[in-house]
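First, the structure itself, so that you have it in front of you.
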């Protein structure tokens, strides 16, 4: 579906174009065309391929989706794939894709399986004509910056969640829930990491060393995006590492708790075993058991049993088993 | 066994050749010969070595098989080894090998221990003469692309399997089965990884930096294959990492379950120990135990035992041991 | 808030400046201006941006904070972000930020969320005019050196803490406390690591290979800072590694202790089970149980029970279960 | 001990030499001398050093042994150390050493602490004069190839052993044996890895980039050796990784088994505790316990006890505890 | 403290110098001065700095100590820090430091917190004038070689210790001691690793690529030191890896032992529970229990109990629980 298609000159909007008009503008040396598609059909992609002279392999990637994030050069044209990550209504992470084709005087973005509009990018760019004047490379930066900025709230949410798990990790009896949450969180971190790490590697080629011509004027902007990606990536690595440690620590806590339970079990079993042994002894049927005849034999027996149990109880209490 | 042997000119099929005719065509500057062998005999390999001037070491590798995937240059000739991975009838993973020799005007593929035919590759290539015109390098790409594309369903199956294990991982009593499946899955992942990682490293030399002459015109196609391999490799790494975590989590779950069992054991042992201790006390043979003479002594005793047990039961229930 | 703003010439203080005077001095080829801000407002940053011609992206980073440590070149100007790490009154680690802009003849430092003054840096620099003569690059070094020097006591405190945990790690019953401390310590190490590692990587570009012009004369000084960062980083890595091992060892100790407890439990349970079994047997109601009639039947029974228990006790003692 | 000492010209054997004759042949531009020593004495090494002009440090390394595998250039002479790995009569791995000195027209091999003869290498080389014609570099390749080829059966044996351990890993009661075998296997893998990895790194310098003059003509052969080493190294890494996982899995299996034992223990303890509690209650000495007077009181009691135990047994059976 | 101060010419000792004479000799193009200090005072360092024109930062490092091992160039002068590692009288590892300044015609070594004299280095060097002729670079090598050679016995001792722990690792009941030793050994390995790894990285710059002028003539000697460091480093890595595995294996052994204990506990508990249950049943007070009246009721009961226990015992024995 075509979202919009606009020609820009010198940082200012020239005209809303229909698809047919593109060829009239794309040839002019001083202006560029910015087309946005969403869940593009094969026909739309074919038209665009024809208009902008795009490479077969890149079009195929944009059509099929499910690519790794990447930035590739096909002659003078750049082809970039980025992953969008968004929380669905049911609070699950969902990955979408934005493919961007960038030439000397055109930008074509194709958004797939993503609910987040990129309209804000265009609006903001149009409000800053002194930046938009940099041309297609700057638009490319603006789209990428928008995609990357949307990773931050996701990361923040994951950090908050990890912290709330950490608050539970030394609480007795929460081990099962903790481990389920940690495992689920790790799964989500991997999903975001797949969006971030390959993009980071690709973006590094847009500002250091030999830079594609179209990005030359926006080097410092791409370095800024790179810096954001580095930060996100470092945070993800720390999250992963912390989850690993948390899983280990959680296992330790379970073992410690079990050890404490075993000790309690041992203590109570001991106390009752002693009581039962005493009772068993006085329950024997020997004829000559003088204490059985004593007037206060029974209270004495009860007293002895109770006393022994209390002594044991206090001893276990002292060594921390109870 | 010779599968087929065809000469191509300008992207179109020229003629089916017998082995003897090869030398007539291989010398012509504007055409190339594409030979496909399967489980080649020493004689066939010797003939081919003679026809195309192949290096001893490469022929030896093709004959013995069991090589790592690789792409090597012998002068102007490329020698590549790729692993095929396929599910056997009994659902086991089996690795085969495809060796490819590529020269300026010939391609020789030798398929070993693999049931999957490469005939489809030739058919598709012949349907696209504008691409086949690129020559031997493009045919090389087409074969490699076919081999790599067949990794995807294998990977998908392994991802599905891991997900189905993950669904079981927090289910009580499934630990033994889970760990067996995880271990087995890891073994299979390693097998595929051995096919993918070395190939990926080798392919990178076919599109970046100095590229062998025969692949020069198909750089972007090899980059595409490289990209697929990168994607597969990243997926394999994630699978491995996830299996590692799953094994750890599974161990935690076992320990948690054991801890819960120990608590239940402790609770019931406690309840019955108390009952037994009471019964033991009233089973003592003291002469003066007034309650034994009471009319309602027995119901009272039963009542006390029951009451104590119920109180204990509710207490254990409250702290979550039962 | 403006802390101070001074012009230097030839290593000596020329004059305290008001913000308006800056432009008069910053143009002179032989002197440089050193401005220090703290928790700068947007207005102050805007003024500075105007005075020194700073890049939008750098100013934005300095305004928002929460950047990774880094050193970036914007044309001839360097922009550096460093993290300060300090212990709060309640003994918690807190991270602040120092942003530094360095040009051929100016240094602008902006300190955020940090209680530690950098005034000492200026005082020391003014006492060493032969070094201050090196200009803005040397001032940059001096600030960085001060920030990095303040990591050392933090690291030392963490090493001391780890050692005190290690003293507890083989002590019975301390597992729960140890694991909590280890986890907390690891969290703090990660925080410092985030300050150190990216800075280390950035600083390496200030002394090896192509070095920004403004730092050229102070190469050896930046190498010295780099060396300190390497040392801190190596210490942090060792701490992390040791904590990982300590967590593992702690888990082992818990398991060993549980194993010892289980053995004790088994031993005592055995002893009392034997006593109870004996008593149970002589409590049976068979008519013909000759020993029940014996005069010394009861003492004999008690003796046998005691003897068996003592023998068992000694046996368990010998195999180390008690 | 001198094994043999032969001069070759144009790929063919010229003459068996005595040590004194070496200097007559080593100077001739078109021939080379191949000397093989075994457990060389200091005198022999001194003679050889004099004959071929070898460096002090290299001779010292060859004398003392216990070096890491390496390939070093001393001027035009190459000095290589390789480890041989062989199974002793008692099935233990033993490491020996082969030191090789290679010059433009000589090869000197010194074998230490190794039972495997290198005579086969010379025999095979003499059967292929068209290859031997390549000179000293090719002889160097042939020796290295022989050493590396002997790693394969060792690796295969270790793979077979790991597989046989894997067959035991999910078998109850085999945990102790498994872990001992795994630990022992890992130790042996490390020993072979120490032979392989450093050699691999060194060999890479014999075929890629700037190559020592003497190996220039045999580049493709050294690449072949390199390829073998890569394959061995990858296999060793997989073995190591698999052992790590197997140790983890083994621990899981022990814990699972313990958990199952605990459940069985809990179940039987429960059943007997119930029986004992019932018996205890009817063993109390209250005067008014009507059921004690019933004619079928005893069978009823036995029936109730049995019934309860059977019900419990079936319940435990159903939940999988028994 | 000044140990000694000697001028050399052409590999031979010229004269013992007092500190004042240094300047007379250090200027001569064909001779060099070798000064050795121990636990140098600030004054001594200041004098040396003046005599040899040393850099402030290097002097500060030598004064404060506690640096990472490193080799730094200050103009034409090299500054190196190495760690000495020695066993104290109480068998503890202690780290000291040797700082070396090397110029075209001087060597200054400063030894701190180390009991091992470097006098032997000078003595050996003076016995080999043909080597000492290489000048200051060779002396630098000789000192470094001496420091590195002293790592070997430390490493050997640690390997021996690990082996003796490994002998204990599968022995029952030694888990606690093992884990303490492993942890302690790991701590010591880290200490040596801190001495070795950074030095290795620094030394690599003394023989490969661009080499400082003063070391140019001794390249092969520094490569030899590098090789030793590589070997030590590889050994340390293997030790670390093995300790990691040993800790894991030790944990497994504890768990296996616990599992065995649990089984024994379960078996004996089962046997006695059966005996007690039988006794309890015949201890019930029903009036109509015919077997109680039998003449051989009691022996029969004892027999049945014994028989059941023996059967159980044999069954448990057979499944390996006892």
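A, B, C, D and E label the chains in the order they appear, each numbered from 1.
Here is the rule we use: a contact is a pair of C-beta atoms (placed from the backbone, for glycine too) under 8 Å apart; a residue touches a chain by one contact, two chains touch by 3 or more.
Remember, predicted model here, so these are calculated numbers, not experimental data.
Counted as hops between touching chains, the shortest connection from chain C to chain D is 2.
When the CA atoms of chain C are superposed on those of chain E, the rotation angle is 70 degrees to the nearest 5. Chain geometry summary: the mean Cα position of chain B and that of chain C are 40 Å apart. Our note on geometry: chain A versus chain B, Cα centroid distance of 25 Å, whole angstroms.
In chain D, the residues that touch at least two other chains are 248, 251, 255, 258, 262, 265, 269, 273, 276, 280, 283-285, 289.
Because contacts link each chain to exactly two others and close back on themselves, their graph is best described as a ring. Traversing the ring of chains that begins at chain A and proceeds first to chain C, the chains occur in the order A, C, E, D, B. Here chain D touches chain B in the complex through residues 166, 169-170, 220-221, 223-224, 227, 230-231, 234, 238, 241-242, 245-246, 248-249, 251-253, 255-256, 258-259, 262-263, 265-266, 269-270, 273-274, 276-277, 280-281, 283-289, 320, going by the rule given at the top. Chain A contributes residues 55, 57, 67-68, 70, 72, 74, 173, 175-176, 179-180, 182-183, 186-187, 190, 194, 198, 244, 247-248, 250-251, 254-255, 257-258, 261-262, 264-265, 268-269, 272-273, 275-276, 279-280, 282-285, 289, 291-298, 301-302, 305 to its touches with chain B in the complex.
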